[in-house]
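Heads up, the next two complexes both have subunit A, just with different partners, subunit B and then subunit C.
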Partner chain A sequence: MSTKNFLFVNRKAPYGTVYALEALEVVLISAAFEQNVSLAFIDDGVYQITKGQNSKATGMKNFSPTFRALGDYDITKLYVSIESLAERGLTVDDLMELTYEDADDDYAEKPSIILVNREEMAAMMTEQEVILSF
Partner chain B sequence: MASINVGGKDIALDEEGYLENLNDWTPEVAEVLAKGEDVTLTSEHWEILNFLREYYEEYQIAPAVRVLTKAVGKRLGADKGNSKYLYSLFPYGPGKQACKYGGLPKPTGCV
Partner chain C sequence: MKYTIMVNEGPYQHQSADTALQFTRAALEKGHEIFRVFFYHDGVNNGTRLSVPPADDRLIQKSWSELAEKHGLDLVICIAAAQRRGLMDADEAKRQGLDANNIAPGFRISGLGQLVEGGIQSDRLVVFGD
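Right after this comes the complex of A and B.
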């Protein structure tokens, strides 16, 4: 099977709809098929990777811990929109610490989150072969 | 719907034999599920089951086989972190079979 660059664009808040959870499932499935998977978090999608989520009142499972497993799936590039964070009064300190172990660098732990502005986000998207938006 | 009886309690299973309610799981449930497939759980099996349950507790997912293999190797040593060893314990597929006995959902991406 050929390997393609997949980008999953997450634009919605984690709870209230099933988009975020379903997107994460598809992400894990794509990675299990050894595709080159990256994620982008734009608009309310940035809330998906915030720290200290408590989903109790929504009746949905708090699936945010699963984002910490992405490194195990060799998903190492999570692009986060700087503008979307700023518009919501958030900074990178409000996000979970998501890391991966770099097999090419003696398994050193490295951050997966890459903050990008609009132009950088757009440029990154042109390098993708498959873009799926949730 | 299928069910098994463990210690006088009926426990519901889905059509593939996984627990309907993950909270129903006890070590005895694992033993009964394994016995149903003619498997006797050894300490080697339990090492993997416990590992999977801890992984689920931490990340809220059952890992894909590739991820499981890598993670087991890191935690329990390279002699166990390979598919030959895992398949010798769980011949129907380490992800599927071990998750079933461990009371976890079928791994995401597993068909």
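Right after this comes the complex of A and C.
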């Protein structure tokens, strides 16, 4: 089976609707198909990877720890919109430290989060072949 | 061109369920190939055969079944999303020990891998959602 560039665009807050949780389920399945997978976080989607999430009172499962496992699935490119962070009063310090071990560099631990502005986000999207928007 | 269609919203709740149906019909009329239609999130509810809308309303689920029969469409409902929302075929209902099933003709229940495969095998994957 051929390899394509897959992009999952996460636009919605982690709780309140099921979109984010079910999107992550697709991401994990896609890893099994050995595709070139990237994730984008824009609009309220940036809240999905904020640290210190506690969803207990809502009754919904806190699935944010799953993002930490993505590196082990060779999903190592998480593009985060600088503007979306700023519009919500967030900085990169509010995000989880998501990393992967680079097999081509003696398994050095490297950050998966790539901060990009809208122009860079748009340019990255033009390189994709399959875009799933959630 | 070869398309895979993803339907993420429920019938009657959201315009995108209608638009997905209309797009699929139009693509077929233009001679394109529909590799697969994959139903996810509340979109799985497009595959129930127990919908009874008012007499003057359109029949969304039935339209999918008719389109599938006419063109041999592969209509796939995500099993994980379906189980959460109570969409069952006869085999799955039996396996879960449930007393009913509700899947419409022409639909089948399968895994998310079917969606990823659709993305790989098709020229375009078109997402209809919110």
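Just so it is clear, the second predicted complex is superposed on the first by the 134 of 134 C-alpha atoms of A that agree within 3 Å, B and C clash if a C-alpha of one lies under 4 Å from a C-alpha of the other, contacts with A are read in each partner's own complex, and residues count from 1 in each chain.
Following the convention adopted for this analysis, a contact is a pair of C-beta atoms (placed from the backbone, for glycine too) under 8 Å apart; a residue touches a chain by one contact, two chains touch by 3 or more.
The structure displayed is predicted, hence computed values, not measured ones.
Within the superposed three-chain model, A:33 lies in touch with subunit B and with subunit C [touch as defined at top].
Touch criterion not met for A:128: it reaches neither subunit B nor subunit C. In the superposed model, A:73 makes contact with subunit B only, not with subunit C. Of the two partner chains, neither subunit B nor subunit C is touched by A:53. Of the two partner chains placed by the overlay, subunit B and subunit C both lie in contact with A:25. When the shared chain is aligned, subunit C comes close enough to touch A:6, but subunit B does not. The contact surfaces that subunit B and subunit C form on subunit A in the two complexes overlap at residues 25, 29, 32-33. Touching subunit C in their complex are the following residues of subunit A: 1-2, 4, 6, 18-19, 22, 25-26, 29-30, 32-33, 35, 130-134. Interface of subunit A with subunit B (complex): residues 25, 28-29, 31-34, 61-63, 65-66, 68-69, 72-73. Against subunit A, in their complex, subunit B makes its touches with residues 58-61, 63-64, 66-67, 70-71, 108-109.
Those residues of subunit C that touch subunit A in the shared complex are 6, 8, 40-41, 80-81, 84, 111-113, 115-117, 119-120, 125, 127, 129-130.
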